[in-house]
Amino acid sequence: MPGVADAQRIPAPFKLASRAFRKRSSVIRIGDVAIGGDSVVLMAGPCTIESEEQLVRTAEAVASAGARVLRGGAFKPRTSPYSFQGLGEEGLKLIRRVADAYGLLVISEVMDRSQIAMMVPYVDIFQVGARNMQNFTLLRDLGKVERAVMVKRGLSATVDESLMSAEYVMSGGNEQVMVCERGVRGYETYTRNTLDLNAVAVAKALSHLPVIADPSHAVGVRDKIVPLARASIAAGADGLLLEVHHDPERAICDGPQSLFPEQFAALAEQLRLIASAVGRGL
Amino acid sequence: MPGVADAQRIPAPFKLASRAFRKRSSVIRIGDVAIGGDSVVLMAGPCTIESEEQLVRTAEAVASAGARVLRGGAFKPRTSPYSFQGLGEEGLKLIRRVADAYGLLVISEVMDRSQIAMMVPYVDIFQVGARNMQNFTLLRDLGKVERAVMVKRGLSATVDESLMSAEYVMSGGNEQVMVCERGVRGYETYTRNTLDLNAVAVAKALSHLPVIADPSHAVGVRDKIVPLARASIAAGADGLLLEVHHDPERAICDGPQSLFPEQFAALAEQLRLIASAVGRGL
Amino acid sequence: MPGVADAQRIPAPFKLASRAFRKRSSVIRIGDVAIGGDSVVLMAGPCTIESEEQLVRTAEAVASAGARVLRGGAFKPRTSPYSFQGLGEEGLKLIRRVADAYGLLVISEVMDRSQIAMMVPYVDIFQVGARNMQNFTLLRDLGKVERAVMVKRGLSATVDESLMSAEYVMSGGNEQVMVCERGVRGYETYTRNTLDLNAVAVAKALSHLPVIADPSHAVGVRDKIVPLARASIAAGADGLLLEVHHDPERAICDGPQSLFPEQFAALAEQLRLIASAVGRGL
Amino acid sequence: MPGVADAQRIPAPFKLASRAFRKRSSVIRIGDVAIGGDSVVLMAGPCTIESEEQLVRTAEAVASAGARVLRGGAFKPRTSPYSFQGLGEEGLKLIRRVADAYGLLVISEVMDRSQIAMMVPYVDIFQVGARNMQNFTLLRDLGKVERAVMVKRGLSATVDESLMSAEYVMSGGNEQVMVCERGVRGYETYTRNTLDLNAVAVAKALSHLPVIADPSHAVGVRDKIVPLARASIAAGADGLLLEVHHDPERAICDGPQSLFPEQFAALAEQLRLIASAVGRGL
């Protein structure tokens, strides 16, 4: 009776996403940014887009510290129907304008296939959230889009399942795909989730796709995010997704896990040294 | 530093779904079937709709053993993009016709909001799968539909999160909502997932909504599904969702976890006694 | 790279504990009590032995409701070194005397091999706690004792590991061994642990040893323990270990998970019906 | 009904082990080695002591690459009673002699209080394994010994529980205590367990005790251990426990997770750079 769980996993291997298919690590090039290449890439910004002032001040801080991509949600997958649901297209216009002003790319979350066409003009990277990792209709449609896609790992997805979700996008013809480790659900209550860096090492071995880490959601507590961000790069992640807010105390969401701008700048300095220890730049 | 995870849970309580809001357990009435009432309800059928012969033979078997609802998927959320994805609308036409012939209701999975309108004529209960439990755009749209909705618990969702997903549907105006325990992901490889009957007891205490259990997906091995089905009713579940196939060896999917028709009939006899031990009928 | 975890499990199969070794289910006979036979066995009593009055009143209540074994700890494995650690040998003398007066057997926890010889005159069943499931020196020494042994499953042990711990005892020559499901650690905070009834079904299939369930520790909240106790018997458990206290509000430990005597009596009535539904007595 | 699990955690806080009790990080000094100080400490060697040749060749390799402590088990906690159980005192004599020859300290696992007195002459650090993390009689007796103690975290222990086990030792008078993260049990089968670096960051914040990481047991696959070892130091661990074998293919146990000597040497070079990035030496 060996391994029902395994047996059910084996008949569904990924193809296009595997290292067997492509030996060399894939590099996603967007403008002058290369994800998965010699340098690790920092993506930073607020949880949710709130205002122009917020975006400008945060973008200025993260750009000057070395970030290349501005993050910010316009559609928020909130556990409660009564929570703030995001600014929608207005928010996307804002983030595009601010990102351009600071020479940054834009990554933002898409929650449903019906939002894709509207979002295309504003974003460089579509983010598929952990809750939608197996929203297969969404993944299929992202396979037809000329934009990069970052698929976040579900709260208790295996690495295989994560890569199969990437495969859904790739099977539609879009090769600009990366996956993102953002923590698995555990029993510890001091932190939000458990950052799983085993998964980063495993995904890098199984697949040629870039692997990003999101210690902000995985840890959920500002002062613990910093060491885990360092650990992610030391473990071989190709980039980080980090929540930074110019004024975390007043953030609409995820304030406790948003880094202060000066924390982010100090962290970036450490990351530069760690990247160098593993033969990479920042 | 007590409980980050908890802190993040507390600001999002459910309202319409809670027992504080409605003391008496809700009963969902569809035709002459009452879900959440004095009798437990059996929903049974194949994983995926394959053919008329399959549906007829399975429906005949489960109806005569006491099932009231026929299950069968027309859109299958498959981990791999290369697996069979379901018969679509043709499948729904088939299951509706067969269910009507045997006096059964139809439950079938919806994977995307774009499928809702097409499915309405064919189904009595929309099933939201575990992978879509937090597909909030889908949940919102199901709040506007005149059909019952069963929301399956995500692979590592908390009971609160499950009930919040029900709340999304209810907040749109649809009160015909039930939740379904279908196992949490664990480390044991002898079974597919771990059926969590604690969650059934907790959900019944927190909410007035009917709670269904799906031991087929939670266990994944035919001979272990039978004892867990009994346990679910003993724990207070209002009904069961069970995979039954007239010829499991030839099933397109989930064969090893499909009960033989005679197994289902024998199980139904035991369930009748257990239901009676907890003061209910079948 | 398939299944490191599995690969590490496979080289360590159990022998004496397996159904391959002995097809028929083992029955442990102690006096006129048979564990693993036609009737399910109730073991009930307080978490910790506190006083003669406590034991007498609780023993009277559980015996009259149908329990055959009195539980009570004299050595308590407490997470904190500053918590009450148990009455020791004085407690064991008390529980032996009270159990004899009510025709009950005694089960009590042994924490270290150095306690075994002293405990032998007082207990009928040595309980090995979840925290000591892989205290192999203790298990080995219990293999030499003429007393039954109940090995509780560790907080995140696999079924194989549980049965391997039973095998340790059996390999020393003691065949009077049973295992006990007491919940696995999960992320849900409404309950203490997650009762895993999949594991009961799996253990019954893999092994001929009796399988007991302990919903008290697995659930931790009185009103949820009752449905889970019913579910355990419906799933095929050979008996239950339940915490009952004549005055839970004043219990030194585990008060919130101790049943009131009248709750236990009502539960026993339901269990009789459920046992009968699965072809057994109580 | 907020947080049963938490409620049961709160009444058992640690005292001596907490940062509230001692603000400055504790440094354990043994000879000229300081654990928890400015430099991170490498502890390396085979899983189990096999022969003089094995120890000499491994010790030579790890000492020349910068390790300060030689690891090697003389008593092995094996899941199966039929597996190799270790060389016992003969093994301890061997490791002491070899360690002295290379200027290394000795760390070795104690499985039972009855082994303590015999082991004292041979070891500098008593290792308490994950399976014995809550063997409270063992912990208590280690509180009376003039040797350092490293308590490994149980497979699904919380950080609080880990620190409470350290507290057991400290409450007996022994302040030379460190804790060790060695992975939690997860559902992923590509690796043995899941290294939890959140826990390292949390433990460093809650306690003044040194925190060691054991990526070998947490990951279980040689080529994935290297990146996780780097990540552990980047996350703030005070040292690493690593399995190294001069000839892993022929190791009696844990061969697939034993590093080759040259792998260890290359890793040590990277660790030196990462330690420097976080303001420490090696």
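Labels for the chains are A, B, C and D, by order of writing; each one numbers its residues from 1.
The working rule: contacts are C-beta pairs under 8 Å (C-beta built on N, C-alpha and C of every residue); 3 or more make two chains touch, one makes a residue touch a chain.
Source: prediction; values computed, not measured.
Colleague: As a test of understanding: of all chains, whose mean C-alpha position lies farthest from that of chain A?
Modeller: Farthest from chain A by mean C-alpha position: C.
Colleague: Please state whether B-C or B-D has more C-beta contact pairs across its interface.
Modeller: More C-beta contacts join the chains of B-C.
Colleague: Take the average of all CA coordinates in chain B, do the same for chain C, and state the distance between these two points in whole angstrom.
Modeller: 33
Colleague: How many angstrom lie between the CA centroids of chain B and chain D, rounded to a whole number?
Modeller: Each chain's C-alpha centroid was found; their separation is 46 Å.
Colleague: Got the chain B residues that touch at least 2 other chains?
Modeller: Counting only residues that touch two or more other chains, chain B contributes 1-3, 5-6, 156, 184-191, 205-206.
Colleague: Would you tell me which residues of chain A are touching chain C in their complex?
Modeller: Touch list, chain A to chain C: 1-3, 6, 10, 185-187, 189, 205-206.
Colleague: Under the touch definition given earlier, write down the residues of chain A that touch chain B in their complex.
Modeller: Residues 1-6, 8, 11-15, 77-83, 111-114, 131-138, 140, 154-157, 161, 164, 167-168, 171, 184-185, 188-192, 220-221, 256 of chain A touch chain B in their complex.
Colleague: Over in the complex, which chain C residues touch chain B? Could you list them?
Modeller: 3, 5-6, 9, 156, 158-159, 184, 186-191, 194-202, 205-206, 218-219, 223-224, 227-228, 230-236, 270, 273-274, 276-278
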